[in-house]
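Take a look at the structure below.
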Amino acid sequence: MRGMIVGRFQPFHKGHLSAVKYMLSEVDDLIVIIAASQQSHQKDNPFTAGERYDMIRHSLVDELKDITRVIIVPANDVKDNGLWVAHITRLVPKFDVVYTNNPLTEYLFKQAGKEVINTPFYERKEYSANHIRELMISGKKNWRQLIPKAVAKIIDEIDGVTRIQTVSSSDKS
Amino acid sequence: MRGMIVGRFQPFHKGHLSAVKYMLSEVDDLIVIIAASQQSHQKDNPFTAGERYDMIRHSLVDELKDITRVIIVPANDVKDNGLWVAHITRLVPKFDVVYTNNPLTEYLFKQAGKEVINTPFYERKEYSANHIRELMISGKKNWRQLIPKAVAKIIDEIDGVTRIQTVSSSDKS
Amino acid sequence: MRGMIVGRFQPFHKGHLSAVKYMLSEVDDLIVIIAASQQSHQKDNPFTAGERYDMIRHSLVDELKDITRVIIVPANDVKDNGLWVAHITRLVPKFDVVYTNNPLTEYLFKQAGKEVINTPFYERKEYSANHIRELMISGKKNWRQLIPKAVAKIIDEIDGVTRIQTVSSSDKS
Amino acid sequence: MRGMIVGRFQPFHKGHLSAVKYMLSEVDDLIVIIAASQQSHQKDNPFTAGERYDMIRHSLVDELKDITRVIIVPANDVKDNGLWVAHITRLVPKFDVVYTNNPLTEYLFKQAGKEVINTPFYERKEYSANHIRELMISGKKNWRQLIPKAVAKIIDEIDGVTRIQTVSSSDKS
Amino acid sequence: MRGMIVGRFQPFHKGHLSAVKYMLSEVDDLIVIIAASQQSHQKDNPFTAGERYDMIRHSLVDELKDITRVIIVPANDVKDNGLWVAHITRLVPKFDVVYTNNPLTEYLFKQAGKEVINTPFYERKEYSANHIRELMISGKKNWRQLIPKAVAKIIDEIDGVTRIQTVSSSDKS
Amino acid sequence: MRGMIVGRFQPFHKGHLSAVKYMLSEVDDLIVIIAASQQSHQKDNPFTAGERYDMIRHSLVDELKDITRVIIVPANDVKDNGLWVAHITRLVPKFDVVYTNNPLTEYLFKQAGKEVINTPFYERKEYSANHIRELMISGKKNWRQLIPKAVAKIIDEIDGVTRIQTVSSSDKS
């Protein structure tokens, strides 16, 4: 059985990681869609699809060594919700079940006849990408403990803190 | 060191497979870009990005078991050659060297300061996706021996021969 | 003489209906443009163009039986206001007069040399699509009395209340 | 029961007209999709969507007087065949059966679970829009007898012969 | 040496003018990019690219007579910040240095290896296009003293005050 | 009076140059539109909009010294001929007369109420950008005498011959 999860992963954090590990215990293969692949260098979308791919990939290799069962796919947004399921369906390999807590995602995939499973296991508040970005913008250090080491390393390599601070100051002015 | 190869893989054939295996002997990781990801159900692009992802994935798993070192990324076309390198660069993880025999691809990546290596090792004529599609359209059987077993199995599952024959007859009329 | 009216009709309500009937008393034919045809499954745009087409069509058939004089045309948005009049003009049959209360629509069509008539006859406050959507989201029942019966029937068939509640909860989270 | 037919109608001719009349004898309502609505002033697509809407509309009014059962919808192309059925489905009211002789259209709608009926009743050769355009370009007069009177009147009003000759000479040079 | 400055110039004001004159004292040629060229008739983007081109052009001709050293280029937006530098680079003649006070513009061009110079010489508060638009919307007259005479003349010719008031009232309603 | 001329200028040649000089003798200002600004690195469109801008600019500066009367504007294509005049009109400053020998351009601008003048003065055959590109591709030298010196210098600087040969060999393979 093949599962699918969709996220922007701005950035990929420990909540995402434990969700992915849990899903991998339930399915044979897991498709991880990097949504909004065309967005980067924005306050809410600081990292490129390529950077996010590496964040996910390195975090999972650190945990699992062999990530053959994980199928990572960057997907650009379509503005048109009525086309979204068709867009995703032809972009990724076949899947049997969708993991999501987003009501619209659940609604659209159920309408298209897909099985949908809610994922109630990781604490939203602490492990929130939005919260992590806010910490980075405000210059606090404790975002590091909320993300896998591999992700912190990538953010350091690209000087992601400077980037997100720059981007968010431009958005304001 | 990380290499990158770009192709439409319509379909992924034995020439592609031996090229990928050769490159994996030279680099640490290999990015395989599925170009024209938005195209399908056309005479020259019969298969969806998702189907092509599975063709590549299953062929490599059959050969290698662990495909952790292979990074598959579907990429939609941009019409504008002047933006193409920038488009690919932000969509995929960082890479050091590009494998290509296409003069324009070589030209554009060299202009952007990337190392480019030609890949003179697989016979163009026999292992040509165009030739394989022509065989499928004309109803001959010998396309099967030109592609990995996993690819033939996927084409059978989706009844790809009927699809490509349908598509190409619509193009003509 | 041919008139034209533009709206998103999310949903088509009794105010729209009386406006259309009034205009049909003034012109030979009336073009009804379903604007933002590519939008659906959003808090402000819950219904597809096809659903809105049926809402308008069934409401008018219930009233008029023969709707030969009504020309319904879904039109996708163009972001670029400077192209909007040209976009509409080539998409719909020729028209002589535009009915609108929107200052920008009036401005753009007047600039293009079209006659524009304001439509001061239906009460904005009560018969407002925005108000109707808010009632549906908050779970109240009285939205039904603000729309034609045919529209309520379509909304029930597609379980539109669940859809708009789902969509608006996703927008918040 | 509701049927659907798709065409570019460049221009709408007598073959189209008899097909539509035949379908109206079989279904309750008929959706007529004007494909490639964004194309005009090209050799193969000389007429705007609005002009084509009027051609269809006036031809049917001349025949039927009341065209309440006919639902005309202009639809822009999507390049991506994998999204086409989803694009049409949300743009038009619900339908039960698709009339088409195009193998790809048949394939795509069957894959989406729709019933498809072939329409073997009007002679392709004589009543071909391509043939009619060639006659107009070459300056011959006999295109008039291949199209309904209402269509010829519209083409005269917009001086369509000059337009198609102009467009096709620009394509060549 | 060739410099470049990017702005939306909605409208071109005296602050812009003195900045351009200062830069022309430092470089051989100056590229002036009219950003968001596809936007007009919006509250924040009232003027078309063509109108803004004329505003810049006439203001500089009034000052300099010969504007051979000024290279004006309208550029449409790309939503995707990761492509923006590549988009600008192929659209305009080669340049050596970018003048900007926008942190994101500075960040992106520096990443691409361009020299960036901050322009700390014109008072942001008074000579702000946003402030000028607000004055025009509220019906005050003193916006005239903040813009070059040539710009005021163009705004009068196109009745720009009516336009921006119309547009901003439509945005509100 | 302001004139306008549209071309792709791939590359700008002596025929273009004499046409521009002739027009400048007839009008106060001349708008030169660089069409298909988004295309480059293709067999028929080898040069970027920025390179073409410099070709035109340097050729005219060499001839005229002061090019204040010349208004160069890169314009991206719109696929949709029905929107083309509206697209150009809002992108460039106002103009009174269009110089063109292209029947479709003439048709569209005349429909929009613009005066159109044919430009029968430069020999099409010899000074043809297509012919010049063919000479460059085939490795002959005599393309140099067909273009202004400034253009040849730019083509040498960017090694344009290698580029067009590369691009055209990729198109073939």
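In order of appearance the chains are A, B, C, D, E and F, and numbering begins at 1 in each one.
Heads up, the rule we're going with is that contacts are C-beta pairs under 8 Å (C-beta built on N, C-alpha and C of every residue); 3 or more make two chains touch, one makes a residue touch a chain.
All values reported here derive from a predicted model rather than from experimental measurement.
Student: Which neighbours do chain C and chain F have in common?
Tutor: The shared contacts of chain C and chain F, listed by label, come to D, E.
Student: Chain B and chain D are the same sequence; what rotation (0 to 180°, nearest 5) superposes their CA atoms?
Tutor: 120
Student: Give, as an integer number of Å, the spacing between the C-alpha centres of chain E and chain A.
Tutor: Chain centres of chain A and chain E, defined by C-alpha means, are spaced 37 Å apart.
Student: Cα centroid separation between chain A and chain B, in whole Å?
Tutor: That pair's centroid distance is 26 Å.
Student: Among the residues of chain C, pick out those that touch two or more other chains and give their numbers.
Tutor: Residues 40, 48, 82, 90.
Student: Which of the chains are touching one another, listed as pairs?
Tutor: Pairs flagged as touching, ordered by label: A-B, A-C, A-D, A-E, B-D, B-E, B-F, C-D, C-E, C-F, D-F, E-F.
Student: Within their complex, state which residues of chain A touch chain E.
Tutor: Contacts found on chain A: 38-42, 48, 162-163, 166-167, 169-170, 173.
Student: Which chain F residues qualify as touching chain E in the complex?
Tutor: 37, 40, 48-51, 53-54, 57, 61, 65-68, 71-74, 76, 89-94
Student: Going by the contact rule set out above, which residues of chain C touch chain E in the complex?
Tutor: 79-82, 102-108
Student: If we count contacts the way the header does, which residues on chain A are in touch with chain D in the complex?
Tutor: 82-83, 85-87, 90
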